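Next come two complexes, and both contain subunit A; in the first it sits with subunit B, in the second with subunit C.
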Partner chain A sequence: MAGELESSKALSGLLNGLAQEAFYGHQGITEELLRSQLYPEVSLEEFRPFLAKMRGILKSIASADMDFNQLEAFLTAQTKKQGGISSDQATVISKFWKSHKIKIRESLVNQSRWDSGLRGLSWRVDGKSQSRHSAQIHTPVAIMELEIGKSGQESEFLCLEFDEVKVNQLLKKLSEVEESISTLMQPA
Partner chain B sequence: MEGCSEPRLDAKSEVTNQLVDFQWKLGMAVSSDSCRSLKYPYVAVLLKVADHSGQVKNKSFEMTIPQFQNFYRQFKEIAAVIETV
Partner chain C sequence: MSAVGTAAPYLHYPADSHSGRVSFLGAQLPPEVAAMPRLLGDLDRGTFRKLLKLVVSSLQGEDCREAVQRLRAGADLSEERLGVLLAGTNTLLQQAIRLPPASLKPDAFQDQLQELCIPQDLVTDLASVVFGSQRPLLNSVARQQGAWLPHVSRLCWRVDVAISTSALARSLQPSVLMQLKLSDGSAHRFEIPTAKFQELRYSVALVLKEMADLEKRCELKLQA
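Up next is the complex of A and B:
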């Protein structure tokens, strides 16, 4: 029943399903679900190796974060090998990667971040009146709220207060980070 | 006197803390079990914060480079505003 396995539309759907499960954390996309939805005429025995092959190809492409030259070379090699893919299938896979590459990469990057991430940041500056015991009045204060959280967990809100001196101290540190980034990003 | 910054901060946490120390590290994730070619730089930050009672806690988090640059840009805005208040 090779004809059914040739369908471009079905393959596109299959790659989508595979991506949902492998990269976007969508649970419950079973082999049987994919077969019955996309390849109903194909037996499970025949579908299984086909699915495994496509899953393997997609994972290889994603793992290497292939650019379009690498992708073309890789897919061409796959069309030439025994039990590989057809050139129509290669076209579908290529199109799929081109439209999903960025999103899949983002998802893989997120999967490898295990520390909390910065989810949000807001701030205001207040003019603060001091108490009657203090000679100083009208000291400005910056209040910053950071929203941090680990993947899949609720956010924690951290509220920080800075006077002008502290703001400038931190600003200096941040400029050191920025400098490091520039050095890193410079072409070798 | 409120600052003219947007968006208006309506603090969700009830306690404000003082920043005692700010440590940073610029890292590069090279490879992982799900992606052999990660190649993504990130900024990891360790904050030491003290609450009103003086108790010091560590808070750490990571930022992507664009997130850090936004953080830096916002902080520069804070500095500009606080100067004029």
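Up next is the complex of A and C:
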């Protein structure tokens, strides 16, 4: 039985399944599904604590967004623990985290975004030539379409018009924002 | 002005004018302008000047309803006659202001009004509005009245850094919150993730460059 639980390929699959359910929001990945697909020879009674252990380890790593030094220290400690993991299992977990770290972090950050977010931007520059009130205008005008939406909901499209002055003002404000972010994120 | 009566202005085909060009009022004379000349002959000049002042205020975006009532009461004008004069004067001025000075010169303007049988002293008054000191203001009001998509009237921003969340013990993720107030009165608030923010900034810079290039190209075309 222990032999089956040692299988690297199966563990890799298990971690993927756990990530899908915990981080990427896929429904329907049950305990039974994982067992039957990856560890068919293992009983549910034996599988359950094993699954809980792996789930716990993965959640700790993801929640702390561990870098590779922290990861190594953490996994080494787990191998030394009573009822912990084997070094082969540690290797599989380490490999999994290295390839999924960024994507999982992105997904976790999104879980705490509840307001509408900017999803996309399209733009066009037109040359205004005439209107009912003016025969010759010849000014460039920018039209921007902002796609805004909340997680899981349909987008709203905002269509806005800007003359050159307004585009300049917008760019200036965005530069102020950029400077603010850079200052904040500078290492202490 | 005599036997032909009100039909007279319609017989002035644009091509008949000695310059041979199309009138600033267009190929077909607007009916409200056509109806004016017969009402102007015996109109008190002071009344006309008041009326003109009223129309100019309206073109500058002011609410002139009360002023119209006062004018009607004070000048003893029938509602119908006042209506024709207001509409005609308004159209006449609007059409003239629509064209840049290079396209419609004072002489041409005055000639064309005379061809419509508008009395000379009133032509002078109208010309002083179109080519006088008020013109820049009338131009800027006309520009603002053009067809618009909503534009941004106010932009406020905030940078937040999420320290910790229920999903991430140590987040330290900056996020930009933006609030836009638009010219149509609506307000929109949304978050901009860091990657999208960079994309936005790049796009806006590119838009500005494209606008500057387009303006240069238009200038060159006008000069050519």
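Of note:
As a working rule, the second predicted complex is superposed on the first by the 182 of 188 C-alpha atoms of A that agree within 3 Å, B and C clash if a C-alpha of one lies under 4 Å from a C-alpha of the other, contacts with A are read in each partner's own complex, and residues count from 1 in each chain.
The rule we apply is simple: a contact is a pair of C-beta atoms (placed from the backbone, for glycine too) under 8 Å apart; a residue touches a chain by one contact, two chains touch by 3 or more.
Worth saying up front: this structure is predicted, and the values here are computed from it rather than measured.
In the superposed model, A:L171 makes contact with both subunit B and subunit C. Touch criterion met: A:W123 reaches subunit B and subunit C at once.
Of the two partner chains placed around the shared chain by superposition, subunit B and subunit C are both touched by A:S63.
In the superposition on chain A, A:F157 contacts subunit B only, with no contact to subunit C. Judged by the touch definition given at the top, the superposed model places A:I102 against neither subunit B nor subunit C. Contacts of A:P140 after superposition on the shared chain: both subunit B and subunit C are touched.
Overlaid on A, the two complexes show subunit B and subunit C touching the same residues of subunit A, namely 62-65, 105, 108-109, 111-113, 115-118, 121, 123, 125, 127, 140, 142-144, 148, 158-162, 164, 166-168, 170-171, 173-178, 180-181, 184-185. Of all the residues in subunit B, the ones that touch subunit A in their complex are 1-3, 5, 7-9, 11-19, 22, 24, 26, 28-29, 32, 34-44, 47, 49, 59-65, 67-72, 74-76, 78-79, 81-83, 85.
Subunit A meets subunit B in the complex at residues 62-65, 105, 108-109, 111-113, 115-118, 121-127, 140-148, 156-162, 164, 166-168, 170-171, 173-178, 180-181, 184-185.
Residue ranges on subunit A touching subunit C, taken from their complex, read 62-65, 105, 108-109, 111-113, 115-119, 121, 123, 125, 127-128, 131-140, 142-144, 148, 158-164, 166-171, 173-178, 180-181, 184-185. Looking at the complex, you find that subunit C touches subunit A at residues 94, 97-100, 103, 139, 142-143, 145-152, 155, 157, 159, 161-162, 165-171, 173-178, 180, 182, 188-194, 196-197, 199-201, 203-205, 207-208, 210-212, 214-215, 218, 222.
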